[in-house]
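Note that chain A is present in both complexes that follow, paired respectively with chain B and with chain C.
So, the complex of A and B:
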């Protein structure tokens, strides 16, 4: 094994071009487990901890440009206002120690269907900026996940930034697990209301081979909100509407039975989370507040 | 490969480090610092918690090469001439049973009180949520952190 330690981004891209099989390591919270347990022996480890731009975030007009290695702890502390759905999801990641190391770039690189950031990124409509010595490109999050633990990266590409539109309305993230810390999601649901475009987007985690959107549920709700003039009136949503949204969200799942839960349970729980998170975000919208809709601590 | 970094204020060096080796292994097996415990090796239990550039992390999930040139504080670095406030509080509150989780809890609790000198019970639970203990049921550990916080408050 070789340990490559680029001092900056250009060096990192050059190293990845020269050794496409090199495995990037940033927080190490996934990769080191595989190495410790002898499940993986990469020929090259490509340490990204010295690449300063990956540790930073900034704003581009209406978007946040989030460095791939910005740890979850900083997302929770610094981006709760601009990216409330992602901040909420980040807060449910593992433990303080893990949140101090892990970041969204690693979550995307691993591309597990259970990655906590994914439902929030899907709901927000993020774009992943990847780069190689050949140039850079922005991959819409809807096209990023290509299979179980597979993503759209070419072998010579590295994830640099994730571009996420600043919230224009309430966003939520909900996750089912056996306790509040240190759990892989049994299933998870993210929702973002976008009053600027009068649309709603969603993301489902751990209930299909990849993170997915509940497209039919989104279309139904977006149309129903328009038809009923709900965005302008700010009326309470009829229970039947929320129930239909929940049913369509459950229908978007394609889960499996495994040690964490059965397929049937996952479908049911996604429906329940869809209904609840819609309720929380809509109530928040009606009250005229953007951002997280509940107090901290309840994930 | 050779790895050099600062541990508890002193520069240390290790040679013939395997590239896939963890910081935890280097600390325990190459630098003679067995305080950080090796239990789960997957970031679940927190018994290997150390500070890396001041930030609590699981040493089992940091590649040794990533620590190059950086500053590490282990549980061995908490005590000065006597026990640190958190260590004394763990002793006084009876928060130690088998002791295996204790080093990680001490580092995590020390950081918690530095960030938040008067934490609520919910803050303590969240601050220590990455550290597993299979003996105490956590009650005495919570008592110890409350005691350390109260003593800090009196001393201030």
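So, the complex of A and C:
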């Protein structure tokens, strides 16, 4: 196994062009597990830790430009206001040690259906900016996940930034695991209210071969909110509406039975999380607040 | 109600010495472990050492048609490749109770992950790659995975031609051991019952999940022997099994304990010991072996999964009339300690209750599932889970409070076990239940404590943010258990201590040398405390545990403080007598009290029982050879259970603990937060109160783990382990671990050193059924299986 250590982004792209089979490594929190378990023996590792651009985030107007290697711990600490859904998801990632190393770029690169960032990125409508020596392009998150642990990257491309619109409304993220911390998702659900466009977006993790949006649930809710003039009136949502949304969200799942949970449970749990997170976000919207859940800064 | 909660033990000697028993001395290894500086067996290093690697079976039951090692041997850096054919001695098998386990597979594998071949190479990665080049041709065989397939008419016999001590009395060769217990007349007593309550229960396979993986270093010696440095629970039992397979006399296998990262029963059986020695003797080089976490799940035995059926009768006023029970323990492919686990499960199956008329049967099976053996609680755990569920059902049947019902039927000193054995020391079962029930309950809805947003850390789901209080229901449950201490059923259980006292630099210094394995329980701390108390000295050196001193027995069965503690006390008493004799000889003429008074060693001095100082201990010892004593220590003898009636004086001592569990359940998602697990336990005498509480909290947490998350999942279709990693075998994090207030009772056992009771296991028993009872109360579900999964709570 050869270890390539580019000093900067241009060198990294050149190395990736020369060795398309090279596997990028930043925090290594996914990849090193694969290597330790001997599931994977890449011919080349491409170390991105010396690429400064990847470690920083900035803003472009109404969006956050998040470097692929910005660790989850910093997302939790620094982006809670701008990207509340992603920050909440970041806080459910593994342990403090892992959150100090791992970042969204690795989550996207692995493209596991269980990646914690994915439901939040789907709900926020993020774009992934990838680059190669041939140039750069932005891939909408909806088109990014192409199969089980597969993504839309070309062999010579690297993930540089993730562009996420700053939240204009409340966002939530929920994840079921059979332990109260440090657990891989049995299933997960993200939701973002977008009052500026009067739309709602969602993301489901670990309940289909790829992370997916609950499209029918979103369409139903967006239409129902408009019809009932809810955005303007700020009325409480009728329970039947939330129940219908939950049922449609559960219907968007295509889960499997595995050692972590049954397909039936996953579908059920996604419905419960959809109902609850809709309730929380809508209540925040009504009250004009989006206060963080306590406990987020600690542990 | 004012019960006696402390019976003081007579402690004349050493009561004035600092750092002795009864003090919460801090452990010497504590800071090193927390800061990562402690040297574990996986940190061992030797000049010129090479690395061993094990090739394991991908199948649970298969014939080895052929093995081709040539490609592995041809790889650069490889020193040796060994298979069954390379085993050097007539003796090929080992085993704790029955030598049925081949050191390397003999033409057939009986479980997923069974060792097939060994490789030694100059680098662990080289060894791993070479092992991957070994070509094994397999022919898969039909599987035995449960009682039905084990006893079917056409069942494959997993160990044909058995000659072990249980072979003659078992009903089928796939039954390792069967222990019935019959006492009184259950059929007649059943006629008195107003209600009959039956239940079927299932206990999943738990792993010890110790943090330090199996590892060690074998160094070949010039005399043809081998020095083995290893993390284990019982050096001498290891050696007894290792030496014959190496073809060496025991004195040529010299063992030294290296840093042990937890054990919980999982290091009672051999793992890499024989393998590393074989490779070292073959190559003439020091060989190190370290399992990774994945391999560790295949490298040690687990807790027996069990299927359990109970029938209890009860009168309308709440008296248990009789019980029938059948406990089926899956021992997996090899016997390990299954026979003793069967004996424990049977003899403790009635729990700490008076049940005069019983029909009990416990069986241990051979199957193609992973081998199971010792784990904290050892057979008593599975039974306690089931009989405590029964107690709640019985209480409900007669409309009684579950604690009052238990107290009404609780055993006490003088009660008899179903084996006929009388409980001849305090048995405060009703009192420990009273104590956990009397505690104030933790406040409700703690996630709302500060108003505003919910504190998800206090909710089911925790940081995963699944509820802010929706569908969260509280439940409270109780359980109590009984665990035997020490080795039972007539086993010659002893420990040995060597104690030396000498003057060094004008100070008296004691050295304690035993073979007792410190596995994290705090044994070295307690041994030093005992030596300070018994010899009245400040400085005590604990020598490394090795086989140059007699056996200490196993660090298991809650026995080391009793047994090795007893041995250290015994040896110290002999040293004290010799020192006083020496003093009388050297200094007796200076003071008449040397001849007339009772003399004690206190604060580094010889004093009379009235406190008059006669001499400095250092002056007595100065210029003399060290006073040096090695003595074995035995607990009182026990006897085997009758093979048909189960009657017999089988156990040495009992340990009792009770729990109250308070849980909050998200009933929609099936997630559980254990809010508090209060415990009360009688420890006889707390030699180190801090350690005692730590043991009780640790055992409680391990019991919580198997209530809500810990299970090795074996695919019934293939008998393969599906989750051999900490990604999918979950153990509680600190966020899953509740407050564990502990109430320690000290009712002295007159038969035991200092009146102490072994504390290590009892809390593991009752924690699990208490949590289950609390979840049942919260949800109204029957929940007959542990661990409880979200699917069970949501009907999905």
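The criterion applied here is as follows: the second predicted complex is superposed on the first by the 289 of 299 C-alpha atoms of A that agree within 3 Å, B and C clash if a C-alpha of one lies under 4 Å from a C-alpha of the other, contacts with A are read in each partner's own complex, and residues count from 1 in each chain.
We adopt the following convention: a residue touches a chain if its C-beta (ideal position, glycine included) is under 8 Å from a C-beta of that chain, and two chains touch if they have at least 3 such contacts.
Source: prediction; values computed, not measured.
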Point to revise | First, second, both or neither for A:180, with chain B first and chain C second | key: both
Review point. Of the two partner chains, chain B (first) and chain C (second), which one does A:276 touch, if any: first, second, both, or neither?
Key: second
Review point. When both complexes are superposed, which of chain B and chain C contacts more residues belonging to chain A?
Key: C
Review point. Touching A:97, do we find chain B (first), chain C (second), both, or neither?
Key: first
Exercise for review: Examine A:260 and indicate which partner it touches, taking first as chain B and second as chain C; both and neither are also allowed.
Suggested key: second
Exercise for review: For A:47, select first, second, both or neither according to whether it touches chain B, chain C, the two together, or no partner.
Suggested key: first
Point to revise | Which of chain B and chain C A:37 touches, first, second, both or neither | key: both
Review point. Which chain A residues contact chain B in one complex and chain C in the other?
Key: 33, 36-37, 180-182
Point to revise | Partner chain A, residues of chain C touching it in the complex | key: 128, 292, 294, 450, 452-458, 460-468, 470, 668-671, 673, 708-709, 713, 722-723, 725, 727-728, 730, 732-733, 735-736, 789-791, 794, 796
Study note, to complete from the structure: Note: in the complex, chain A contacts chain C through residues 33, 36-38, 88, 91-92, 172-184, 186, 259-262, 264-265, 267-269, 272-273, 276, 279-280, 291-296, 298-299
**Study point:** Contact footprint of chain A on chain B as seen in their complex
**Key:** 1, 18-20, 22, 41-44, 46, 49, 55-58, 60-63, 65-66, 68, 108, 122, 126-127, 129-131
Practice item. Flag every residue of chain A that touches chain B in the complex, lowest number first. Key: 1-3, 5, 25, 27-29, 32-33, 35-37, 41-42, 45, 47, 49, 94-98, 100-101, 180-182, 297
